[in-house]
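Quick one: structure below, then a few questions.
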């Protein structure tokens, strides 16, 4: 089965080509059929591969030599193992649902743009699959850049709006900063080890000095920061909500942003051997989780809330990675993919129903208009808030437990973040679905449940959000029920060996922690629902901390003041002073010199063919004279000098 | 269109006229060869056709009875000139080609001239003559008539002014054979073919 | 002196004389005709070398086709001695002198080349110039170049037509 | 016939061709002089071919040494024919544009 | 003296043969002009020239004498040397062809075996081809030297016509060469004489047709007599010519006709082969004389066909002429060549 792995990225690529080239001639139904169908086929192949891996273990499939020089051999190879097959399923599965959803959500677009959208989406899936499947950092980097490009294209999909274009550009530039780190890390690896293939790198990792490992992991983490929106490179993600909502669901919740997690999980051995980096990862992750959660508390745009929530959840994943709970991180990636995709799609459904109104203050009481969306959204909120037995509970609990065993401080800060999560999610839920409707009458009149293409993915994802966590039930509940850990064990075996036997918490302590947290969360939820149930639209200015939070801690302004403005000033200085007087003068001087010289030399070139030939013949005569009489000429010269 | 309508009303003079066809040529026609061979067969068949040529000096076409050739001044049976120089012919001539001078017959010349007056000089400018035959009709004495001789040749224009010695018929008494020949009584070889 | 030698020197003299006449003729048509004479002389040389095929091909291609084209063009343009552009006398002199120098250099080189001594070209014998042998070599060892020349011809044809149609 | 004779002869013809190119301004004559040079080379090739043949004949009576030279001549003729067709087309174009075949009129690469 | 090494007797023999053939050709050409007039007359139901001598047989001499006695006129603005060179070249090129025509097998005379062919060179057909391609010079030079635009136009027409039809002719020829495998005319004729073998026309009917048409065009015969189109070009390339120089041009046309007839006879109709007769059973001299007569008969028939066509078919228009040459005959000839090659390969297995 493994040798057919190339089919997985092939179908999205074909879909991209067909939709991209035939965008002027294909009908909308054909476009959506091709776009979604190609992902569905990929999903089926991924399933087969998954079961194959489960039964027979992983393998590496080399398609051809990509870069083949004397010192560096980089094959175009696909790594198929437990980790990548799991990600394949997430990408293609959720990807298919979102494609299906998109076919209805984007139906108002004109046919060529509709095709363009699906082509971008397919290209994105292709790149993401390449990222996940690559058997070395170079292939991964290709996919890494591919998803960056697609993200840029999709965020700026409505390119007639300039703000969206700026958002797209911001995402692109932020990602580039991270990518530079990634690229440097890959070069570092290549120069030290001469290879970028995972198996070779991990086998030879012990030959690297600790400085090298730390530097490489730091640089890789910079890459992850950019892609996975961690402090300080997180600001692009909220702005990226400019894109169509399914895009946010696919890229900014389920797949692309988890690329950083995947990359670190993939390189777990390197990180295990670099404790300093691990600590940094954990701290950054935790900081991001809290920081983003605080911002999310006061956001009023439905998608912005979800965006900051995503950033926050990503912080949790990094926390997991930082404390060595790789399985937990991956587990959270999976569950997060389910419920965050669901949330985004639900939000999309709401926005669809509200005619592109995104401000939650102007919604409310949608419960009775959109039952399916309401139920699924509620389930997702419960999942993300960490109420057992929904999926979020298990994954978040695993990370927090691991964090506690590393450092109790991590745990408490993490729990604080979780409480905030519960609060802002239910604030969102309450404002949207409960209370009374605060929008215009026209909107109220048009409120409706979304078509089946949109509700079907919601239902599927809701089911997954509910039961998705049951593959990782902690040991304390049921012995050996954590099937995900067993499945992923081979990937993290090496790290586990290095990290040594982690000391398990006592079961009672664990029960206590879970119970306490859950109780606190339920209280917070009740508080949130209660305080926002009667919410009325008011014009009064927010002040103090609220204002700070509403303005996202003024981070964008800070960046502008600290980085962007000085840089622009410097560029202005170079442009106006250095270039004008120095470089231009030099370049123009050379040009003038050459111009003068050629004006003089041009006199030689009369344009008369006869003269040229005459000179040519004379040249031949002289040449023959010298060539065949060199001895005589040398004698003559000797005599003279 | 107009042409076609006119054609309908126009009466065909012969049945050999053929309508021009502007149809694009068929493949066989584009080959040309059949048409060429047909044409060559037609020309080849002409090898065996009878030649209509009359080999002129030897063979001649028979003249019609009213043919009007060069003029002849006649004599009577005794060889005397019939012309009495009355000038009626010169008057009748529409081209004014005839001139003459009359003279009195002297005694002893009765055997030469039939009347008392005769033409001492009688000239016809053959370049002016239109061979209308009016002189012949005007002559009261049957002295001038138009023969079957035609297409005279000469080196100078003067030579075409025929005098009496060119015009007078040979004497039937002294040169009977030449006379017979000039009268056309003794048939020369004429064209047997038509 | 054998007949071959007499013929050789005769043809050589004819060729060189005609070639010079090509240069000095003021009338382009005369130049063309003298050039044809050169080609005839060279064909004669080919026959002396028993390269019959080349001799006749030389005639057909050069005299029969190429020079007809030249003549054609000259006649079409109605070029004659009066319209013939003339170079400055100094340029002519310079050209003649440098060409002469070139000839002198090469001749002196050949004179120095001792490995040529005693080498002769086989006259009036040998069958490699016969069409049979040439054909065999052409269609076995040189078949690819031969095919390529056909492509060259085609492109030349197309090129000439395109240029001429403008 | 000694090969030097042929070399001298062909060099002479070649040089006459060069002098023609140098001294004439009529593009057609220049072109003809180039043909003259090509012919000189052709003749020399045939002469060399027969020289090699003569050398080869001493070892092997059935030799075909030197046949390449004659084939090269053949190819040169082919190329010359192609060259002439295109070249004359260009000259005709030039004449149409400038009403002259003077190469000195062609001292600009534009127009 | 090494000059003595030349086979003098052979030289004399060849010179005599050349003289005979040249004069015979001229004689035949002389009478061909007469025949032309006679045939035209017969095809048009008239007797034709019949005054000079019995049946007008001395007519060609009268014509020749008239041409010679006419005043020589060289136009003032004409290029003198080329004006004179033109007809000479035309005549020379026309006569040169006869060098490779095998008039018959050999005769035995004075104990010598004399071949009735001036030179049996192994590339005979190519030689013919080369000479034919030179024939156009006579016309072009004459037309240009006259300094008359009609002459020049006619000359250019003649040249382009000759070049165009040479191609198709050569392609048709190649098919014959593929059948015979030799370029020597003598060999080709001998092959056709072999018992049990048909004349080449049986194998190459299309090729013959193309060759025939091209030969007509090369000789500037009607319907391809565009260079002499009186109604468009007054008289053609020899408009300014008079006297014997004009005679040369007219004559060379007839000589060309004879030579092309002879070549067609050799290539396609067995040359001097007498059908249904095995020549080897006869005495060599008798066979040779009969052979010459046979060849002459074939030539006469061809000439008759030439004239027959001339007096049947009207002249082509110029574009029709070019279309026929380039768009019909050349593709046809190529096709013929292709089919011939395929069949030969098939027969060889």
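Here the chain labels run A, B, C, D and E in written order, and each chain numbers its own residues starting at 1.
Criterion: a contact is a pair of C-beta atoms (placed from the backbone, for glycine too) under 8 Å apart; a residue touches a chain by one contact, two chains touch by 3 or more.
What you see is a predicted model; the values in this text were computed from it and never measured.
The chains other than subunit E, kept where they are, group by touching as follows: A, C, D | B. Farthest from subunit D, judged by the mean position of CA atoms in each chain, is B. The chain occupying the central position, as judged from C-alpha centroids, is D. The chain with its Cα centre farthest from the Cα centre of subunit A is B. A comparison of the A-D and B-E interfaces places the larger number of contacting C-beta pairs at B-E. One simple way to say how far apart two chains are is to compare their mean CA positions; for subunit A and subunit B this gives 121 Å.
Separation between the centroids of subunit A and subunit E, computed from CA atoms only, is 89 Å.
Spacing of subunit A relative to subunit C, judged by their CA centroids, is 75 angstrom.
Chain contacts: subunit A has residues 610, 614, 617 touching two or more partner chains.
Among the residues of subunit D, those in touch with two or more other chains are 18, 21-22, 25, 104.
Annotation for subunit C: residues touching 2 or more other chains are 53, 57, 65, 76, 87, 91, 94-95, 98-99, 102, 106. The set of touching chain pairs reads A-C, A-D, B-E, C-D, C-E, using the touch definition from the header.
If you check the complex, the residues on subunit A that touch subunit D are 606-610, 613-614, 617.
Residue ranges on subunit C touching subunit D, taken from their complex, read 4-5, 8, 12, 15-16, 19-20, 22-23, 28, 31-32, 35, 38-39, 42, 45-46, 49-51, 53-54, 57-58, 61-62, 65-66, 69-70, 73-74, 76-77, 79, 84-87, 91-92, 94-96, 98-100, 102-103, 106-107, 110, 116, 119-123, 126, 128-129, 133-134, 137-138, 142, 145, 149, 152-153, 155-157, 159-160, 163-164, 166.
On the side of subunit A, the complex with subunit C involves touching residues 610, 614, 617-618, 620-621, 624-625, 628.
Within the complex formed with subunit A, the residues of subunit C that make contact are 87, 91, 94-95, 98-99, 101-102, 105-106, 109, 112.
Here subunit E touches subunit B in the complex through residues 42-47, 308-309, 311-313, going by the rule given at the top.
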